[in-house]
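Look for chain A in each of the two complexes below; its partner is chain B in the first and chain C in the second.
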Partner chain A sequence: MGIFDKLSGWLLSIFGKRQVKIGIYGPPNAGKTTLANRIAMDWAGTIVGEVSEIPHETRKIQKKDRIVIKDGKASLTIDLVDTPGIATKIDYHDFLEYGLTEEEAKKRAKEATEGVIEAIKWLDNLDGVILLMDSTKNPFTQVNITILGNLEARELPFIIAANKIDLNGSTPATLKSAFPKHEVVPISALNGINMDLLYEAMLRKFRKKRK
Partner chain B sequence: MEVKVNFISEEKLNGLTMEEKLEFILKEVKKGQILVLERGLTAEEQAKLIEMTMKKVNDKFAGIEMESYMAEKQNFWQKLFGKSRARMTIVGPADKLKTIYKDKEVIKAVIVSGR
Partner chain C sequence: MPHQCLKCGKVYKDSKYVLEGCPECGGKSFYYTKKPLDEKKRKELLKEIEEETIKGERIDEIIEEIKKKKEKAIKEVEKLKDRVESISVKEVGEYEINVKRLMEEGAIIVYKDGAYFIYLPSLFRGKK
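For the complex of A and B:
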């Protein structure tokens, strides 16, 4: 750690502006990288990774460090961690439907399995999580329940973001009623809808020092 | 096609470490069996089972279908000494067990022949 890092860390601790590692978690195709790109573009002017309609496009952790989110006088410096989608099954046949060759599909499946393992391991390195769910789908999936249970067990602060509210069939109210104990913010990462609400929630939730 | 569904009692898994328990589950599932666990897995066990499953995924084994109800509400003593645990867990090979509906209180699944 350089002198600048030490000094900035000291100043942050004095003025209560912490630097925290925030992971974006969820099932494949919930829009995690789209959200990471939206946050990074809004506050740092760059993107984090490529997006695709083919599931498991993100197969390795992608990071963007030192993003400063501000709201009035309050600010929060985050290292943003975009994680591969968590799944209980990865069948290479599913990728063939997107026009991939068998060899490409098998390679993608292998990399995707490694990505799931990496994403789960990263839960131990984070200060907070945005759990991203697709608001057009049933929220009671095992992946959502497993991630949620692990966040609760680790006592990690987290926000549930109900993504894709711009799409027909989106029911963010279903997510809210599914997880009444937790904060649910309805957003469209693609179109930037309600991002101000998400940033406000992030500042509120992730600036607190963990117990 | 015949598919075995095994109902596993709490006592059967009680004496096992987490690794042993998950190895047992995965071994049975890889044999094509569907397990209904009387005592559900904790969130940590579920995550570990996903990790272990991913290490075993190949051309013939696509992974698992796992379903459990959300963790039961904990009382003071459970919070103090225990871990949040699902009320029941059902786990099987992804190509045989398919969840068709799930909400807080109901899990509907079908058993199908493999691909």
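For the complex of A and C:
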């Protein structure tokens, strides 16, 4: 560790500022890009990527660097990484329903599969994760269980954000009782509900130095 | 694109009903599509959604339901343990991904038509 690193580490410990890479992970259509856009709009005034109701819209990593989140005197600088949705099955037939041609649908399926691999590879570069779940759905899916187990094994700090709490059929309380050991923040990324709670949780969780 | 109520089949251009529920039948599940679905397909989708949600009125019912769903998901994940491939190609455009293997080992092993293709750099990658 160089003298500059030591000095900046000491300054950070006093002023409580850190720069961390935070990834948003979850199944397709949980609202990852909507959340990334909400965070980037709230703190940097720009968006990260396009959203769509057709699953697997994000098929490449999208990044917005140096977003500064503040709460009173505490602040956290994050490089926000929006990732493609992680799925166990990608079938081009599902995209045909949305009016895509067979060729377009097959291309989308191929890119979405590559996107899953890219998203998983990116875990090696991150300091923390927001695991986004859809609060209208059963949280115990292969994807959620696997990501959760892997984040625990990597000892990567993470927050579970239960999205879409403004929708009919949303059960954020169920999600809280489903994962009693973990921090679950119920939000609506689209309508900005409870974002203050999420920012507060991010500051608390991601400012800590990892062992 | 329009939203179709899965319960009664009515199509709405305005997405506000997705939040409020269908004014015709009170349905809460909508499908986003250019081509409205027939009744059979709608019923299939509703059944899928039913399986995806956690039911129960009382807290003990919900806890019991959570336990069951959790056990089912863990069993499904465990089943993948013995599979060597991380990606299985049924046909071009139809893929099955073994997320557990990819996350734990990062190995890209593709299975197609009885053959395994191993992407060697994914196995030789160095640790950070």
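Before moving on, here are some points about what is shown:
We adopt the following convention: the second predicted complex is superposed on the first by the 197 of 211 C-alpha atoms of A that agree within 3 Å, B and C clash if a C-alpha of one lies under 4 Å from a C-alpha of the other, contacts with A are read in each partner's own complex, and residues count from 1 in each chain.
By our rule, a contact is a pair of C-beta atoms (placed from the backbone, for glycine too) under 8 Å apart; a residue touches a chain by one contact, two chains touch by 3 or more.
What you see is a predicted model; the values in this text were computed from it and never measured.
The superposed arrangement places chain B and chain C in clashing positions on chain A.
In the superposition on chain A, A:D91 makes contact with both chain B and chain C. Look at A:A189: by the touch rule set out above, it reaches neither chain B nor chain C. Once the two complexes are laid over each other on the shared chain, residue contacts for A:G99 go to chain C alone; chain B is not touched. In the superposition on chain A, A:I22 makes contact with neither chain B nor chain C. Residue contacts after overlaying the shared chain place A:F140 against chain B and chain C alike.
By the touch criterion defined above, A:I159 lies against neither chain B nor chain C after alignment on the C-alpha atoms of chain A.
A count of residues in chain A touched by chain B and by chain C gives the higher number to C. Residue contacts after overlaying the shared chain place A:L80 against neither chain B nor chain C. Applying the stated contact rule after C-alpha superposition, one finds that A:V129 touches neither chain B nor chain C. Looking at chain A, you'll find residues 86-93, 106, 109, 113, 116-117, 120-121, 123, 138, 140-142, 145-146, 149-150, 153, 178 touch chain B in one structure and chain C in the other.
Against chain A, in their complex, chain B makes its touches with residues 42-44, 46-47, 50-51, 53-55, 57, 59, 62-68, 70-71, 83-84, 86, 94-95, 99, 101-104, 115. Residues 1, 18-21, 28-29, 32-35, 37, 51-54, 62-63, 66, 69-70, 72-74, 76-77, 80, 87, 92-100, 102-104, 106, 108, 128 of chain C touch chain A in their complex. For chain A in complex with chain B, the residues that touch the partner chain are 86-93, 106, 109, 113-114, 116-117, 120-121, 123, 138, 140-142, 145-146, 148-150, 152-153, 178.
Per the touch definition, chain A reaches chain C in the complex via residues 53-54, 86-93, 97-99, 102, 105-106, 109-110, 113, 116-117, 120-121, 123-124, 136-147, 149-150, 153, 166-169, 171, 174, 177-178.
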